[in-house]
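In the two complexes that follow, subunit A is the common piece, with subunit B as its partner first and subunit C second.
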Partner chain A sequence: MIAEIGVFFLILTLIGSSFGFICPVLKFHENSEITQIKISKLTFFCTTTSFVILTYCFIISDFSLTVIEKNSNSQLPIIYKITGVWGNHEGSILLWLLVMTFFGFLFACQSKIDSKLKEKTLNVQNTLIFLISLFILLTSNPFERTFPPAIDGADLNPLLQDPGLIIHPPFLYLGYVGSSIVFSISIAILILNNNSKEYFTILKPWIFLSWTFLSCGIGLGSWWAYYELGWGGFWFWDPVENASLLPWLTSSALLHTIIISTKKKSLQNWTLFLSIVTFLLSLLGTFLVRSGVLVSVHAFANDPTRGVFILLLLLAISAMSFFLFLKRSKKFSSKLQINLVSREGAISLNNIFMFTLSFTILLGTIYPLFSNVIFNNKISVGAPFFNSILSPLMIPITLGMMFGPFLKWEKDDIGNLLSRIKILLLILFIVSLTVWYLNFKGPILSVIFFAFSAWIITSSIFELLKFLSFKPKLILRKIPLKTFSQVSAHIGIALIILGATGTSILRIEQIQFQEVNEVITAKNFKVKFLGIKLVEKENYKSQMGFFEIYKNNKYIKTLTPEKRMYNSNKQVTTEAAIHSTIFGDLYIAIGDGNALKKNSWTTRIWYNSFTIWIWIGVLFLVLGGMLSIFRFIKVNK
Partner chain B sequence: MKLKTQRFFKVTSLLIIFLIGSSILFYNLKNNLVFFFSPSEILEKKISSLENVRLGGMVKKGSIKKKETEVGEKKVQETIFTITDFEREIFVYYVGILPDLFSEGQGVVVEGNLINENRFNAKIVLAKHDENYMPPELDNIVKPTN
Partner chain C sequence: MKYFFLFIFMSSIGFLFYKGLKIDPSVVPSNLIDEQTPSFQLKKVGKYPLFDSIDLKKQEIKIVNFFATWCGPCKVEHPQLMKLSSSYKIYGIAKKDNPKDIIKWLKNYGNPFDKIGLDNDGISSIEWGVYGLPETFIINKDNKIVYKHIGPIMKNDLEKINAILK
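Up next, the complex of A and B:
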């Protein structure tokens, strides 16, 4: 019975949101701003109720629902019963809708917004909500019954039974779907055909908000893949990973242009364009993940009809928004010339490279699809392609991050700039020598990227030193929050470069049959294998390996990687064990036992340099984003 | 006139940059493509043993053999199994740890080189996240079993 109430609330969301575009067309009400606000609140309430009901059904293990029967199990620990809600297609799309209504609700509650803009934005947002709820009800209703009801469920995919997966999808969706409100505001600005700075200022915090969530979501996903999949890597250039990276890249570009658009009315059309593209890329990502058109390790069992629906949605939304954009963009293009050597110039260049990067990644991701349709051959584009594109583009992006912040607005002069930062240049030279001295034996590429990372960090810190004055005595002037957030985000990127380079180029891998008491050396670690023990847990049995770790012949600790076999569906998963230090991770996974010899097991031991800095880098990025949002809240009080 | 020439130079230089960029891009793409074949296709096509390709099909029941071999000074596990599309078959040799969901009678995709008609050296055995998931590439090959 309760499931039917869930469906009822979903239908209510559909009907409610349909008024979002019916009202303005038929002119039902005098005051349509209030109507739109009410609709936003109503749909948020209805979707939340529906989501809570689905969660409740998961908790009480109502196996008469198809979704629960397929994705849950009575033996499952309670926390995974709850996360099982978004561990499947239907539930995760409902979460998507919930987040979308949540952003509409937040925007509706925000005061001090021009009422015309508010009305139009909510109008667009409610129309999007209508489309998504229609999608849910037509193709992926989470409350569908199965008959006869099953006695027990098939279990949640064991890979998803992991703490990382509790928070990764919600954050990713907050970022993905957060771009919907950015899209709605941009479309509203285009409809109103008004290029006032005030409108762009309203757009700004939402960009920062969705970007922060997206960074966090991608970071968490990468972290999960690193320790859960047991492949020892953090990024595989898999189509689904690329799908999340694309909107991140365009919204990173957006973060930079919005600053100019609010400051001096230039690049406004570019800002609007990027807002639209970011949301479309999020939709594209959903299409790629949900339709299963691409070969991806992330592809979970899927259904082509859904893919067709999302594709139609994507085409319709992009056609309409680009048409509107082309019709109105003239109003938003400025006559002002942008000087190449100026802050604006640096930001524009950064944008060109960011956009090139996302375009090429997009090309590499969907090229196999085209190739299949046009040439009828099955191909895939491997990691080398993406690396070969990313590496050269890192050069201008790094230079921009280093020197961009030191450029003056409007017009600057290279000679002038050089004399302003001559101390920095000297320090950079010393830093480069140090990096080279520490790494000169390593591969040349790693030295270059480590230098990039060190350069960005140095110049970012140098930026803060500006606020230090020595005369008459040492005083630290107040550093503005925006400088802090920018420095933090740039340092974050630098740390990610450091970690990614270490983990991919400098990794040491050892795979072998390791006998009990045999010692394997990886870098300055010694790994001694003690044996395997069988351990039984609530819903799985585990073969647990015991490894003693010695560093420079001193005992550190014992690591216990596992191979788990889940009771309900006999699926096997590998749980790696990781010892993290600031210089690198020791990463151990176990494989099969040797069929011919007793007490001998396949073990895989990696030494991944500087991996921990990837996660710390993500933290810096998120901190940067949060400081910006905090600043906005403070200003608006 | 001067403005016009200026604009002409701007447009041409942009065009040249764009052309150079996209040709580098497509050259790169072309070099990094990995083609996918079924056992029948790969045996028909005379693929060079230097070319990196993907091979997909079913792991033949009862064909998985594990043994110990030596790489350098280390002892490692080598797995030999047969990939079939129910018309032709190929022996696949793989040194390393197999993904968790690898088993007999299941669909599999491997990447590596075709050494000769009987032997495919796999560098990667592709893992997947879900036991019910079948790569779209395998769809036509695997259906007959169900």
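Up next, the complex of A and C:
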């Protein structure tokens, strides 16, 4: 019965949100801003209720619901019963809807927004909510019953039974779907045909909000893949990973252009275009994942009708928004010339490179599909392609991050700039030599990328030093929050470059049959294999390997990688064991026993340099985003 | 004009994605399908008759199975091979294996193979495009490969295999 109430609330969301676009068309209500606000609050309430009901059904293991029967199990620990709600297609699309209504609700609650813009934005947002709830009710109803009810469920995919997966999808969705409100505001601005700076200022915090969530979501996903998949890497250029990276790249570009749009009234059309594209890329990502058109590690149960529906949705929304954009963009194009040697110039150049990067990654991601359809030729595009386009594009992006913040707005002079930062240039030279000295024997690419990372960090810190004045005595002037947030985000990127370079270029990998008591050396660690022990847990059995780690002949700790076999569906997962230090991770995963020799096992031992800095970098990025949001809240008070 | 381009762009993207929906991206067809079997040279295993290229030129339908005694899934597949061997000729190629282990394996689990050979260096397996074990090929009367099965033949695969063999 309770599940039917869940469906009822979903239907209420559908009907409620339909008023979102019916009202303005039929001119039902005089004060339509208030109507839209009410609709937003209603749809948020209904979707939340529906989501809570589904969660409740998961907790009580109501196996009469198809989705619970397929994705949960009575033996599952309670926390994974709850996260199982979004560990499947139906539940995760409901989470999509919940986040979408949440952003509508949040926007509706803002008091300092121009009423016309607010009405139109909620109009668009409610229309999107209508389309998604229609999609759920027609093709992906999480409350569908199965008959006769199953005695027990098939279990949640063991890979998803992991702490990282508890928060990765919600954060990713907050970022992904958060871009819907940015899209809605941009479409509203286009509909109102008003290029006032005030409108663009309203757009700004929402971009930062969704970007921060997206950074956090991608970071968590990458962290999960690193320790759960047992492949020793953190990024695999899988189509689904790319699908999340694309909106992140365009929204990073957007973060920069919006500054110009609010300050100078120029690049407004580009800002609107990026806002639209960011949301469309999120939708495209969803289409690629849920329709099964590409091979990916993120396998969801695929259903062609769903694929067709999302495709229609994607096409309709893209066609309408691009049509509107083409029709109105003239009003938002500025006649102001942008000087190449200026802050605007640096941001514009950076935008061109970021957009090129996202477009090329997009092309690489969907090319296998096109090649299959057009040439009937099966190909796969993998890491070598993506790495080869990423590396050269990192050069201008790095230079932009280093020197951009030192350029003056409107017009600057290279000679002037150089004299202003001559001390920095000297420091950068010393830093480069130090990096080269420290990594003298390393591959040339690692020297280059480590130098990039060090350059960005140095120039970012140098930027903060501007606020120190030495005369007449040493005083630290108050550093504006926006400088702090920018410096933090740039240092974040630098640390990610450091970690990614270390992990991919300097990796040491050893795969072997390791006998009990045999010692393998990886970098300056010695790894002694003690043996395998069988461990039984609530819902799985595990073969746990014991490895003693020594550094300079001193015992450090015992690592216990596992191979788990889950009771309900006999699926096997690898749990890597990692010893993290600031210089690198010792990463151990175990495989099968050697059939020909007793007491000998396949062991995979990696030494990944500087991996931990990737996650610290993500923290800096998120901190940067949070500081910006905090600033907007403070300004708006 | 710009609207026209938008229309063309959107419809071609839509068309491509729609077509893409109907293709299963995880299916990778073998390049050898409908081709003549590649040549190969194997080593003899104990007293068992040696499998040779000439055997595939016979005017009959035959099955070629790549396996190894160190491969777990091959063990799972074995009973199904035994069943198939009652109606068809199966030739076995043991990849990177030890002749003693093969003899023990065939004695323990039964011998489904008409003839057998050892691919010690793995070169024949490369010729046949074998990248995992077990893999099974069905070859028609004209010595052309008509089907390739990757992974163990399970009980529920037998129906499909039998249909192809007929």
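By definition in this document, the second predicted complex is superposed on the first by the 637 of 637 C-alpha atoms of A that agree within 3 Å, B and C clash if a C-alpha of one lies under 4 Å from a C-alpha of the other, contacts with A are read in each partner's own complex, and residues count from 1 in each chain.
Keep this in mind: a contact is a pair of C-beta atoms (placed from the backbone, for glycine too) under 8 Å apart; a residue touches a chain by one contact, two chains touch by 3 or more.
Just so you know, these numbers come straight off a predicted model, no measurement behind them.
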| item | value |
| --- | --- |
| Combined model on subunit A: subunit C and subunit B, fit or clash | clash |
| Which superposed partner A:I374 touches (first subunit B, second subunit C, both, neither) | second |
| Contacts of A:F287 with subunit B and subunit C, given as first, second, both or neither | second |
| First (subunit B), second (subunit C), both or neither touched by A:L363 | first |
| Touching partner for A:T48 - first (subunit B), second (subunit C), both, neither | neither |
| Partner chain in contact with A:L596 - subunit B first, subunit C second, else both or neither | both |
| Subunit B versus subunit C as contact partner of A:S18, first or second or both or neither | neither |
| Which of subunit B and subunit C A:L311 touches, first, second, both or neither | second |
| More subunit A residues in contact - subunit B or subunit C | B |
| Segment of subunit C that clashes with subunit B, given the candidates 62-70, 80-88 or 98-106 | 62-70 |
| Shared subunit A contacts, counted only where both subunit B and subunit C touch the same residue | 292-293, 295, 378, 595-596 |
| Subunit A residues within the subunit C interface of the complex | 287, 291-295, 304, 307-308, 311, 315, 318-319, 322-323, 326, 368-370, 372-374, 378, 595-596 |
| Subunit A contact footprint on subunit C (complex, rising order) | 2-3, 6, 10, 13-14, 16-26, 28-29, 70 |
| Subunit B residues within the subunit A interface of the complex | 21, 25, 28-29, 31-37, 54, 66-68, 74-77, 96-98, 100-101, 109, 126-133, 135-137 |
| Residues of subunit A touching subunit B in the complex | 157, 159, 229-231, 292-293, 295, 297-302, 356, 360, 363-364, 367, 377-382, 384-385, 388-389, 510-513, 563, 569, 571-574, 589, 591-592, 594-597, 602, 604 |
